[in-house]
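Read through the structures below before going on.
There are two complexes below, and they share chain A, which is joined by chain B in the first and by chain C in the second.
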Partner chain A sequence: MRYFRDVGALARKDLLLELRARDTLPAMVLFVAAVFVVFHFALPESPSRLETVGLLWVAILFTALLGLGRAFVPEREQRTLDGLVLAPCDRSAIWLAKSLATLAFLAAAEVVALPLYAIFFHRVGGATIAAVVLADIGICAVGTFLGAMAVATRARDLLLPLLFLPLAIPIVVGAVGASVVDSPGRYLGFLALYDALFAVVCWASFEYVVAE
Partner chain B sequence: MLVARRLGKRFGEKRVLRGIDLDLATGGFLVVTGPNGSGKTTLLRICAGLAQPTEGTIERAVSRGAIGYLGHEPLVYRELTALENLELYGRLYRIAERRERIGMLLERFGLWEVRHERVASYSRGMTQRLALCRVLLHDPELLVLDEPYNALDEAGAELLDAQLAELRGERTFLLATHEPARLAPFASGRLALAA
Partner chain C sequence: MSAPAATIGAVGRTSRITLPALAATSLVLVTTAIVFVFFVAPTDANQGFSQRIFYFHVSIAITAYACFAGAAWQAFRLLWKRDPLADLKSYVCVHQGVIFGTLVLITGSIWAKISWGRWWLWSSDQLVLFLVLFLFYCAYFMLRFSLDPGPQRANLSAVYALFGVVLIPVSFAAIRLAKDIIHPVVFTLHGPNFGGWILVTYCISQVALLVLAYTLYRVELAGKQLDGRIRELREVLA
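Showing the complex of A and B:
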């Protein structure tokens, strides 16, 4: 119970920081909207569903990357990670709270992105929405973990995409599969398994990421 | 409270600490001095558990949550208010009667009137006062303070002096400073690091 209180306090802090600074969510929303507008004009008239689903997932992935890249910026700029690491709470609470905050930003961006996709390209079905939910969890769990690793390095802006994109390939495979087949159960199960597996790995090893 | 033997630290090829022996008994007040680049900050970070030595050993008879660490940065969020910052740390440190303790510290360090203002609007001295509130919030057993007088005006420095005098003997202190004369009345020992 205490653990979840710590997570709540840390996640609340991240949401409050974004509410004040507004430097992550607007960028994510503008980016994903711009991608759809550009592709609306760049793609041939009446593109196939398969093509546009691929585009949707590329847009979601890079929008998430934008948020993940900024996730630890307040901690880096103000060195507050030292203060959080010294607190007597479980250090994985920092990862879980940051993942939840990033998930909230990504979900908010998708509230704009999915209707835009439906307007410009094809309607969004229930399977795609389920895939978005499951993919978001995996993206935020893995991305936040890697973001914490990258933030300690000088080449952080380069390192995060380099580490994250290969690990996100299974998410893209599962999500695109779930969005285009008639029976998406297998793909959704695959995404859920990915989420569970990587969430446990990230939760258990975050302690070592923040220890110098 | 703290025992270090043959402590050393390297960052790649660069050696910043070499062969440091340190004994700090409970209730002790050790002042670390030395020129810029002598490794004071690195030593304090190792003692606080924020960095690992590359050579030697260190034993702490204190848990992570009973350490109060003040570094070169105040470790507070600039977009949050003083109250929000201390509330966050108060929750993470599970402080009983958190609100009362926060109020008392903000009053003592002269920040009560500006408690609802964002830290970004504070002067460097006010931010340092807030950092001291953060350090003292959980009533730590071991206080590791790196240049605590930095950016404080004379009134702020006197407040800190009074706080140190009050806690001297009851708590254990490890301080790095360029002003050892100011801390002479409190110090029980001194460790001078060479460049």
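Showing the complex of A and C:
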């Protein structure tokens, strides 16, 4: 129980910071809208559903990357990561809280992005929304973990996309598959499996990322 | 810091098999494998001479997997047992794995060009998987070289190498799944029965490449250890 109280407190801190400074969420929303406009001009006249669904996932992935890149910036700028690591709580709570906060930002950006996509291109089905929910969990769990890694390096922001994209390929496969086929059960199951597997790996190994 | 007492000769003598013996064994095995592949194994009835590249292609792919598995195993040892040498071993394993992985991509491309007239085919599961792994493990180097040597670099590299062994089966499943949506046509190779001289040749080239990879691993490990020792000695003398 204490563990979840810690997670709650840490996640609340991130949400409060964002509420006051507002530097991540507006950027993500603007970015995803701009990407849709770029897609309109990059695609042929009246693109098929199959084409635009693929691009929807590219947009979601890159928007998430934008948010993930910012996730550990406050910790770096204010040098609070050492404090968090020294705090008497389980280190994996830092990862879980950060993932939840990033998940909240990404979900908020998608609340704008999906209707925009529906207006600009094609209808969004129930399977796509289910895929978005499952993919978001995987993206945020793995992305936050890698964000914590990247922030410790000299290359910093440059490194996160390089570390993240190869690991995100299975998410794209599952998500695009679930959005385009008639019976998406297999793809949604795959996404859920990915989430569970990588969440456990991240949860178990986050200790080694922050501790020396 | 205490002066390192070990001599150069002690470096690399971490195993009972000496490096020259290992190098000689891999030379003999690789030569035997080449002889078998080109002169003993029968020419495939459907695909002709070009099918012989498979003896190397498949063996190299399995060797690369073995390297990545070794990297993850050493990473696990580092995190679990805090074995100080495990970080270097894990890195050398990844390095060898990437070299063999690149060879898989090259031999696969050559095969695709000869068989289907194109240098790259997204419908070949193994090739796509190796491309994903290649990108993943190249990022490993970026990560490692952007950190200062020390416990943090060892930890982060180890954790990332462990992610690799989780990614391999997940990506493979994903690539299989993706075929249903992107590539309705699946290429299947109906070769001759996998037996007789074909099996013998394959086994020889597989063993040869595994021993070769282990030899290269030991050479690189010894070189890296020597570098470290020289750096320590310089610091002591400075």
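Note that the second predicted complex is superposed on the first by the 212 of 212 C-alpha atoms of A that agree within 3 Å, B and C clash if a C-alpha of one lies under 4 Å from a C-alpha of the other, contacts with A are read in each partner's own complex, and residues count from 1 in each chain.
As a working rule, a residue touches a chain if its C-beta (ideal position, glycine included) is under 8 Å from a C-beta of that chain, and two chains touch if they have at least 3 such contacts.
These numbers come from a predicted model, not from an experiment.
Novice: Quick check on the chain A-based superposition: chain B and chain C, clash or fit?
Specialist: fit
Novice: Using C-alpha centres only, what angle sits at chain A with arms pointing to chain B and chain C? Round to the nearest 10 degrees.
Specialist: The vertex angle at chain A equals 90 degrees.
Novice: With both complexes overlaid on chain A, does A:198 touch chain B (first), chain C (second), both or neither?
Specialist: Once the two structures are laid over each other on A, A:198 reaches chain C alone.
Novice: Looking at the overlay, does A:86 come into contact with chain B only (first), chain C only (second), both, or neither?
Specialist: After superposition on chain A, A:86 lies in contact with chain B alone.
Novice: Figure out whether A:6 sits in contact with chain B (first) or chain C (second), or with both, or with neither.
Specialist: After superposition on chain A, A:6 lies in contact with chain B alone.
Novice: Check whether chain B or chain C contacts more residues of chain A in the superposed model.
Specialist: Comparing touch counts on chain A for chain B and chain C gives C.
Novice: For A:208, using the defined touch cut-off, is the partner it touches chain B, chain C, both, or neither? Pick first, second, both or neither.
Specialist: second
Novice: For A:170 in the superposed arrangement: first (chain B), second (chain C), both or neither?
Specialist: A:170: touches chain C, not chain B.
Novice: Is A:58 in contact with chain B, with chain C, with both, or with neither (first, second, both, neither)?
Specialist: In the superposed model, A:58 contacts neither chain B nor chain C.
Novice: Per the contact definition in the header, classify A:74: touching chain B only (first), chain C only (second), both, or neither.
Specialist: Once the two structures are laid over each other on A, A:74 reaches chain B alone.
Novice: For A:21, select first, second, both or neither according to whether it touches chain B, chain C, the two together, or no partner.
Specialist: First partner only.
Novice: Quick one: smallest Cα-Cα gap between chain B and chain C in the superposed arrangement, Å?
Specialist: Least C-alpha distance: 5 Å.
Novice: Intersection of chain A residues contacting chain B with those contacting chain C?
Specialist: On chain A, the overlap between the chain B and chain C contacts is residues 211-212.
Novice: For chain B, which residues are in contact with chain A within the complex?
Specialist: Listed in rising order, the residues are 45, 48-52, 63-65, 67, 69, 71, 73-80, 84, 88-89, 91-94, 118, 134.
Novice: Considering the complex alone, what residue numbers of chain A touch chain C?
Specialist: Checking each residue of chain A against chain C gives 149-150, 152-155, 159, 162-163, 165-167, 169-170, 173-174, 176-177, 180-181, 186-187, 190, 193-194, 197-198, 201, 205, 208-209, 211-212.
Novice: Which of the residues in chain C end up touching chain A in this complex?
Specialist: Answer in residue numbers: 79, 132-133, 135-136, 138-139, 142-143, 146-147, 150-152, 155-156, 158-160, 162-163, 166-167, 170-171, 173-175, 177-178, 180-181.
Novice: Show me the residue ranges of chain A that touch chain B in the complex, using the header's touch definition.
Specialist: 2, 5-6, 9-10, 13, 16-17, 20-21, 74, 78-80, 82-89, 211-212
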